[in-house]
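Just passing along the structure, written as structure tokens.
Here the chain labels run A, B, C and D in written order, and each chain numbers its own residues starting at 1.
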Amino acid sequence: MSETFRLTRQVEFNHCDPAGMVFYPRYFEMISATIERFLADIVDYGWSSMGVSENGMGTPMGQINVRFANPSYLGEWLDLDLTLARLGTASATFDIHCSSKGEARFDCEATIIHAKTGGGKSAPWPDDARACMAAYLTATTPTQKEPET
Amino acid sequence: MSETFRLTRQVEFNHCDPAGMVFYPRYFEMISATIERFLADIVDYGWSSMGVSENGMGTPMGQINVRFANPSYLGEWLDLDLTLARLGTASATFDIHCSSKGEARFDCEATIIHAKTGGGKSAPWPDDARACMAAYLTATTPTQKEPET
Amino acid sequence: MSETFRLTRQVEFNHCDPAGMVFYPRYFEMISATIERFLADIVDYGWSSMGVSENGMGTPMGQINVRFANPSYLGEWLDLDLTLARLGTASATFDIHCSSKGEARFDCEATIIHAKTGGGKSAPWPDDARACMAAYLTATTPTQKEPET
Amino acid sequence: MSETFRLTRQVEFNHCDPAGMVFYPRYFEMISATIERFLADIVDYGWSSMGVSENGMGTPMGQINVRFANPSYLGEWLDLDLTLARLGTASATFDIHCSSKGEARFDCEATIIHAKTGGGKSAPWPDDARACMAAYLTATTPTQKEPET
């Protein structure tokens, strides 16, 4: 069974656009915050300890896909639920499902690369970080070689 | 031959993160601005004239996929080049290629829906808007039935 | 004795600039959020219930002064403590003191106007809102008639 | 006669709030951009060349006061006009007047400090930067020694 990491955020005025709904670029700040807190608070390998501002390591975004379901409004509480779809040697693909009181708002698939800052080379995840993240892999991932029958 | 709409932006301090590179949620603000100016300045059917803040029509984002190629740095000039991949009855899928001096920064595919604000019903594009947007469809889209030869 | 309303926020990556510190425009989003939550959660007269997005009432900023003391860094917890310096017929002047573990980060004085949205006319605060806000006036404000000596 | 530096910006959807007007924290991003371009393009001593992201020098904000006059709306063009009110050994106080077609939007007084990044010590402006900035001092500033009476 995989674990799920949840970040909860209330929709604020600064997230909303003239149509009164969350402006989608603000969702990407929430997505970033979800990954930020997961790495710092759960994996214990956050952007501060990586040295992202001191030419250390970082986790640049490689690819991100988001499908929007329903609009979000001022004052609503959003649950951002994170699991891992794939855990590569130097990458991680998150599934982030956002909902409010169970109603879907968006689904996001985001792949980060563990790499030297400044567009530098990728590097394997530290062992402790990898072990911790593995608990959040969804059940059937990664598919290991099946025994012959 | 399809036309291309270009928005050019300089990377500012407010776009950059502690690693000194553009923070990817800021790219989504640039993507939004590219679509905003295309609709307002080229299609002559912008968010003001749609009445997005007065319970009129809007263009909520349906799905957006972005693949990042190289980081962008303070002071660089970015070219955001927009074409149309698909033009539906009440939707439009944009391809936005971002580069700086010809070096790729990201590729974006974004599908907007022409709909009543507040999560309302979709509605066909006005004829004039559709005709104008069609010029930006990439060459082979949509493939019409070819005449027999 | 006046009461104090506190909002606590953790510094996130999206708040930080290439110098690794909070970029000061992000502080203004936190200031806005402090006033937003005070009005909604304490005064029970928030921007949703005012109808700020439906041509109802709003609280545009009239004047804001901020003096910065020390920089804030990724991961720090900030306390934003709000009191009222003045409560006018249709305005309110907040004092917001921001600190982290007791170290000052900035002091803000912000005056909002209770007015019709869209640059409309100001209007007196509703009685219930006024009564609630008055508890947050700092002790010596407003100066009442002094007893004769 | 003092010179004036002007930055012109169009109000975009991402600047606007549910009341359909510019959300004031976005003005602070424009204020930052005005100072950024003035330092980089006019003074030839911008944040990149100071080494703000490499533990070099920076210009943290010391104090900023803004008085708002009229709201700004989607699509409007804003002129941000910068002059210098005071030029200290290691500081500069800007006056930034924002207007649209001559109608006032806000007036800002902002004092930056020339200092080592990370909350470090202030340091005198380089001579070339100082000489260049001096041309933007408003006419009667700085007040020189008064004649004896």
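In this section, a contact is a pair of C-beta atoms (placed from the backbone, for glycine too) under 8 Å apart; a residue touches a chain by one contact, two chains touch by 3 or more.
Here the structure is a predicted model, which is why all the values come from computation and not from measurement.
Where chain C and chain D touch, do the two copies share over half of their residue numbers, giving same, or under half, giving different?
At the contact between chain C and chain D, which are copies of one sequence, the residues are largely the same (over half shared).
Tell me which of A-D and A-C has more C-beta pairs in contact.
Pair with more contacting C-beta pairs, A-D versus A-C: A-C.
Of all the other chains, whose mean CA position lies farthest from chain C?
Looking at centroid distances, B is the chain farthest away.
Using mean CA coordinates as chain centres, what's the chain C-chain D distance in Å?
So the centroids are 24 Å from each other.
Report the inter-chain centroid distance for chain A and chain D in whole angstrom, where each centroid is the mean of the CA atoms.
The answer is 37 Å.
From the C-alpha centre of chain A to that of chain C, how far is it in Å?
32
Multi-chain contacts only, two chains or more: what residues does chain A have there?
13-14, 16-20, 23, 25, 29, 32, 47, 52-53, 74
With touch defined as at the start, can you tell me which chain B residues reach chain D in the complex?
So the residues of chain B touching chain D come out as 12-14, 16, 20, 29, 32-33, 36, 40, 46-48, 52-54, 74-75.
Report the residues of chain B in contact with chain A in the complex, numbered from low to high.
So the residues of chain B touching chain A come out as 17-21, 23-26, 28-29, 31-32, 47, 52-53, 58, 60-68, 70-71, 117-119.
In the complex, go through chain D and note every residue touching chain A.
13-14, 16-20, 23, 25, 74
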